[in-house]
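In what comes next, chain A is part of two complexes: it sits with chain B in the first one and with chain C in the second one.
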Partner chain A sequence: MIEQAWLIPVIPLAATLLIVFFGKREPLRGAGISILATGAAFVISVAVFVQVLGGAHAERSWPWFEIGDLRFEIGMNVDGLAAVMFVVVTLVSLLVQIYSVGYMAHEPRFTWYFAALSLFTGSMLNLVIANDLFQLLVGWELVGICSYLLIGHFWEEKENADAANKAFITTRTGDVPFVFGIFVLTFAAGTTNITEITELAQGGAISAGALTVAALLLFGGAIGKSAQFPLHVWLPDAMAGPTPVSALIHAATMVAAGVYMVGRLFGVFAGSAEALTFVAVIGAITMLIAALLALVQDDIKRVLAYSTVSQLGYMMAALGLGPAGYTAGLFHLFTHAFFKALLFLGAGSVIHAVHSNRMSEMGGLRTAMPVTFWTFIIGSAALAGIPPLAGFWSKDEIIVEAFREAQYGVWIVAVLTALLTAFYMTRAIALTFFGDYRGQGHPHESPRVMTVPLVALAGLAAVAGFYGAPFLEGGFSELVHFGEEAHAAQFDLGMAALSVGLAAVGIAAGWALYGRWRERDPLRSLGPLYAFLDRKYFLDDVYLRGIVRPIQYPIAAFVNWTSRVILDGIVNGFGILARLLGRATEAVDRRVVDGAVNRVAVGTGWTGALLRYVQSGNVQRYAVFLFVGVAVLAVIFTRV
Partner chain B sequence: MFETWALSLAVFLPTVGTIVIALVPRERDRLIRLLGILFTGAALLVGIVVLFGFDFSAPGAFGAAQGASALQYRVDVSWISAIDARYHMGLDGVSLPLLVLTLLLSFLCMVYTWRFLPEPGRPKPFVALLLLLQTGMAGTFVAFDLVLFFVFWELVLVPMYFLIGVWGGPNREYAAIKFFLYTLFGSLFMLLGFLAMYFKANPNTFDMIALQQAGGTFGRTFQLVVFAGLFLGFAIKVPMWPFHTWLPDAHTEAPTVGSVLLAGVLLKMGTYGFVRIALPILPQAARIWAPVIGVLAVIAILYAALACLAQRDLKRLIAFSSVGHMGFVMLGTATLTDVGINAAIYGMVAHGIITGMLFFLAGSLHERYHTREIAEIGGGMLQKVPYLASVLAFTAIASLGLPGLAGFWGEVMALLSSYRPAPGLSLGLFRTLMVFGGIGTVLTAGYFLWMLQRVNLGTVPERWRDKQFRDMTAVEYVSWAPLLVAIVVLGVFPRIVLGVTNEAVGTLLTLF
Partner chain C sequence: MIRLPLVLIFSGALFAIGVYGVLARRNAVLVLMSIELMLNAVNVNLVAFSQWLRDGLVAGQVFALFVITVAAAEVGIGLAIVILIFRNRETINVDEVNLLRW
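For the complex of A and B:
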């Protein structure tokens, strides 16, 4: 099956076309095709995964196009990392699509929604399978446009369209350096084949300087795509999209593409200590600042969005530790996909029931929505790092590695963020599920089609961590490691005790502050610090008022003005000048009738002709004009 | 037999059409339009047959080594013996994509005209002029004699002048005259350059291939001056910044198919001129001029993107976006590398398809709303005319350079080539240009998405609620489907164009 791994992205992409053209005639209005295709891709992914577990590895390339001496290929590189990602992407996508059948049942553009989900799934899988930088870039941008389309799914509201634009433009800003990084590698390595580039970089065939530049530029793309500081601002707004989309694209898969890319091109990053340090620093900053922002959100999806940003920061920081953190970072990507998708789908279930995103309009839902409640608890505990759930193993591994690599800055931030994570999730649970119901209407548990995916994901969130647990032989680290030797997870009882202890502190503090509903958020007593967080460090304001609006209005208007008034003024000025000159020479010609100035007459005819065109637009004279012009020029040239 | 006649057929079949239509009474409206479709269709058919007979592995008609023997479907007979002007036409990998693009777009414009004829009607002159225009456009891309080239080049002006001046918008006369005189102004300098080369070459010749061989003997100063003349002619046509101001006016006023051909084909005459004439005949000057061209190209990218943000008229916005896209084409050309020039030709084709499509859409929107003001349309088009709006969204996204669609490869490869321009060109300068070009892609995404938001999204304003608009009609489906398919197919398989141009461009590079 591994030789046919290319079917994994191709099937959902083909399904997109089918849905666009025939989706509406299908009994499930397009969802059937979409789910079948993703299901097929999932089955193949599992088969491939099993083969890869048995030691198989497939790498194939087919010629794509040539330009100059550069040859581009479409290829597939099915190694452990890709195999894991296939399973994660197809599985989460499948569950999200099943859930969407219920969630989107009464929403507009149902068929289109599934077409876009299929396109997204195929594009994401193409990004994963790609073995050529430009093929990767195609997947990279396609998932971006799918994200745009789905964030703006409810485009009747201007807010949603704004959020979609913001997401696309912000990530594209990161894509500019990303593309340049690809250029640097293309020329430095003389190939765009990722495997070859990795070998060349590891073999020292690419200069350290080039590797550093390439890695830093590539990381720009990851900063945009994976919502790292300072381009993280789009992800919270992206919550404007339907909640299942947030679960799939903005939690489990697409936002992890930046992490995946760094992992895929780790040969380049590992060749530059400077680049790795930069990755670690950005990751650490991101995990902390995002966790702080998650503290003050009222919108349940925004809590989860900032949490996602924060967790992506963990993954990046881990990768920034170098080969030692490689497995840990990607393992966290793996576990996070399940429990964060679960949390989003849980939030969606709640939103579906209460018709509001605001936790201040929720409360007490644990009795009305028991399945949602319990699965949400499992997801939150996994996120907070409660053993033995998934997040515990992966997060703990990152903390241990940071300490072992003597990256104490990263370590302290990671530990502190673990505390904050437990705190904000406790807050969210308390506000949503405990106390009395504060919203309108009667909340009810979601239909089976939505709760079944919740239960499935809860199961995964509970057990996925064992796959990379330190005591398991031949686990995750056998499949995903950098270099020849697998870097097995280390268990450190002290570290585990520390992180669990801090999580407990976070939970206790969260419960103490939010266990009982208060009209006024207790954190407001932080005063200016609260305001600072509430305004998102004023970053959005700086971007919007400092960059976007000035370009959009005054600068654009000024440029347009220069074109309309100055440049066009010169052109019109020439026209007027020619007209005046024509009149003048005509007048001179009339008055000074002298045989000796026949030569001038030619010139007069010239300008005069021009003038007449200006005035009358008489084009029939054009041929005459042309002839005279050519004659004059010919005379001039024979004399030169 | 067909070998030598094919190009003449493709170029002059439409002229025959013009004559035939001249003989048809003007009341026979449908017949006239049908004849238009038939003649452009026949020319397209010739083009397709040519395509199948084309040897794609052949080198381009550049350089002393290959010379004229590299030309396919070549015809070379004496024409005006007094000045050694010859009827010399041929095809190589650089000409072929542009010829096919011309034939295709002209045909689709005729199909579109079957239903849509702008005020004040009068199909007879309209169709006749379109056919004449096609001869000029197609001829420009296959002529290998400078006089012949010049005749085709100028022939284009007249029908386009009338198309804008008669069937244009409210400000049509100003726009038409401006278009005509501005281009003419440039082409005079171009002609001056042609004549200079004619007299300088020994023996005197207008033959492009012969001039390429003679070009090596031209002195540096002579090359620089002549290049300046050619530059003015071509740069105004492209148009490069700061010579672009005729374009927004011409586009805004031109009838829909006029805009489609103007953007789709006419602008490429300028960029083609650089690749076909200026670079190979005057390589030494090209090296010296390349940084200037590169800088102007990138200014165009940024300037146009910013100007687009300020546009209120949809057509004007698309016109300015053309200036930016042609900036990428010129940036690729200015690198004087095989990657850059391939990217330029790919970019020309992609822009022709995508922007042609955008102008079709702008025209069709105007047919419904009778306005092109973005604020006046006011959003909600996805509700009002969902199919039309979806096609607009698709095309705009293609135009902003999404990978997987045609708009991407020309731009990204142009940027790639400026990372490593030809030896001798300043690395620092071209990498700076690359960075600013990259910023341009963000701005481009910005204005297109903002336009989509204001036109497509949101709810239908009160003023349009009660109006009934037809969504896409059969004629629109037929005339757009080939373009929409091409956008996807070229995006997924860029080889379709690059496979044609790569060999040809390779031989051009031997001249540097």
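For the complex of A and C:
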């Protein structure tokens, strides 16, 4: 089966075309094809995963095109990391699609939505399987465009279209250095094959300077795609899309791409201590500032969005620790996918029932929506790092590794963020599910097609952590590690006690402040600090005033000028030319063609007027003509 | 035996009188009668040339008989038309019968 792993991305991509062309005639309006394709990809992924567990490894390349000495290939590299990602991406995508059948049932462009979901999944799988930098880039860009399409799915409202534009342009900002990073790497290594590049980088065949430059440029792409500081601003706005899309973006596809890319090209990053430090610092900053922002959000999806940004910070910080943190960081990506998908789908279920994103209009949903409540509790506990749920194992591993690598800055930030995480998730749960209902109407539990994926994800969020738990032999660390030696997870009772203790403090504090509904958010008493957080550190304002506006207006003025002077000039010129030509044609038409016709008619009329006198009606005159004619003929014939 | 030129002069005169009658008279009956004159002038010619050429088959005289027959039929139709015109228009003046005009 592992030799056929290339089918995994191909099936969803083919399904996209099928849905676009035939989706509307299908009984489920396109959802069936999409779910079947993703299901097939999932089955193959599991088979491949089992084989990889047995020690299999497949690496194939097919030539794509050549430029001079550079060979571009389409390849597949199915190692432990790719196999794990296959399963995560296809599984989360499958559950999201099943959930979407219920969630999107009455929304516009249902079929198109599923086509885009399929394309999204296929693109991410292509990125995962890629063994060529440019193939990776193709997947990378496709993921970007798909997220743009899906975030802007409800484009009738300008807000949503703006969010899509913001997401696209912000990630694009990161993609520019990313592309240059690929160029630097290609020319430094002389090949685009990722395995070869990793070997060359590890073997010291590429100079340290080139590696540092390439790694920093590549990380620029990850900053955009994985929403790291300072380009994290797009992810919370991406909530404008349908909630299942948010689940997909946050768990399996879009933001995972950045972390996965760093993991895939870790040979390049590991070759440069400066780049690793940069990654760790960016990761640490991101996890803290995002967690702080999550404290003051009223929109439940924004709380989750900032928590994603924060968790991505964890992953990046772990990767920045070097080979020691590699397994921990990617393990967190693995567990995070399940509980974050669960939390988003749970939030979607709540929003579906309440018709509002605002937690101030929720409350007391504990009794009305028991399934959603309990699964949400499991997801939140996993996120907050409560043992033995998934998040505990992966987050704890990162904290332990940070301490052991003597990266105390990262360690302190990570511990502090764990406290904040527990606090803001408690706040979200208290505001949403406890107290009295403050919104409109009577909310009730979502349909089965939506709750079943929730329960499935809750189960995964509960147990996925054991796969990488320290006491398990041959677990996640055997499959995903950097270098020859597996870096088994370390268990440190002190650290575990510390993080669980802090999580407990966070939960207690959260419950103390938000256990009872207060009209005024207690955090408002922080005064200017609250305002500072509420305005998102003024980053959006800085970007808008400092970057967007200064660029936007000259561009707009220039475009306006070219539009008015050049384009209109061309158009008007053609117009005038056409008018002159029209006049000339008209003259020819009227004088020559019409003239000829009219002359013929007038001539005929004149002739008729003259000849009609012959037709007098007088029989005797005719007889005269007759006799004269006979006489003339007689004269003529007698002469001859 | 009457000499041929005399007969031809007579028939020419008869034909000319017929032509005059056809072209100049206003009365439709007289026009018809003038036509008879012309036909009879032709008959005279036919018989005269038949005799003069000593034609064994007397084709000229046979033609003359044919012409007499046709003339009888023609006059019958002609008079019928004249009667119908008279019934419709109360006149047989050919100058006033100009329905075949432009």
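Operating definition for what follows: the second predicted complex is superposed on the first by the 552 of 640 C-alpha atoms of A that agree within 3 Å, B and C clash if a C-alpha of one lies under 4 Å from a C-alpha of the other, contacts with A are read in each partner's own complex, and residues count from 1 in each chain.
By definition in this document, contacts are C-beta pairs under 8 Å (C-beta built on N, C-alpha and C of every residue); 3 or more make two chains touch, one makes a residue touch a chain.
Keep in mind that what you see is a predicted model, and the values were worked out from it rather than measured.
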Partner chain in contact with A:Leu567 - chain B first, chain C second, else both or neither: first
Chain B versus chain C as contact partner of A:Ile547, first or second or both or neither: neither
Greater chain A contact set [chain C / chain B]: B
Touching both chain B and chain C, residues of chain A: 613, 617, 619
In the complex with chain A, residue positions of chain B that touch it: 154, 157-158, 161-162, 165, 173, 176-178, 180-182, 188, 191-192, 195-196, 199, 242, 244-246, 248, 303, 306-311, 337-339, 342-343, 382-383, 397, 402-404, 408, 412-413, 415-416, 419-420, 434-435, 438-439, 441-443, 445-446, 449-450, 453, 456-459, 493-495, 498-499, 502, 505-506
Residues on chain A engaged by chain B in the complex (per definition of touch): 64-70, 134, 137-138, 140-142, 145, 148, 152, 155-156, 158, 161-162, 164-165, 168-169, 172-173, 176-177, 179-180, 183-184, 186-187, 551-552, 555-557, 559-560, 563-564, 567-568, 571, 575, 610, 613-614, 617, 619, 622, 626, 629-630, 633-634, 637-638, 640
Interface residues, chain A side, partner chain C - complex: 612-613, 615-620, 623-624, 627
Partner chain A, residues of chain C touching it in the complex: 19, 22-24, 31, 94-95, 97-102
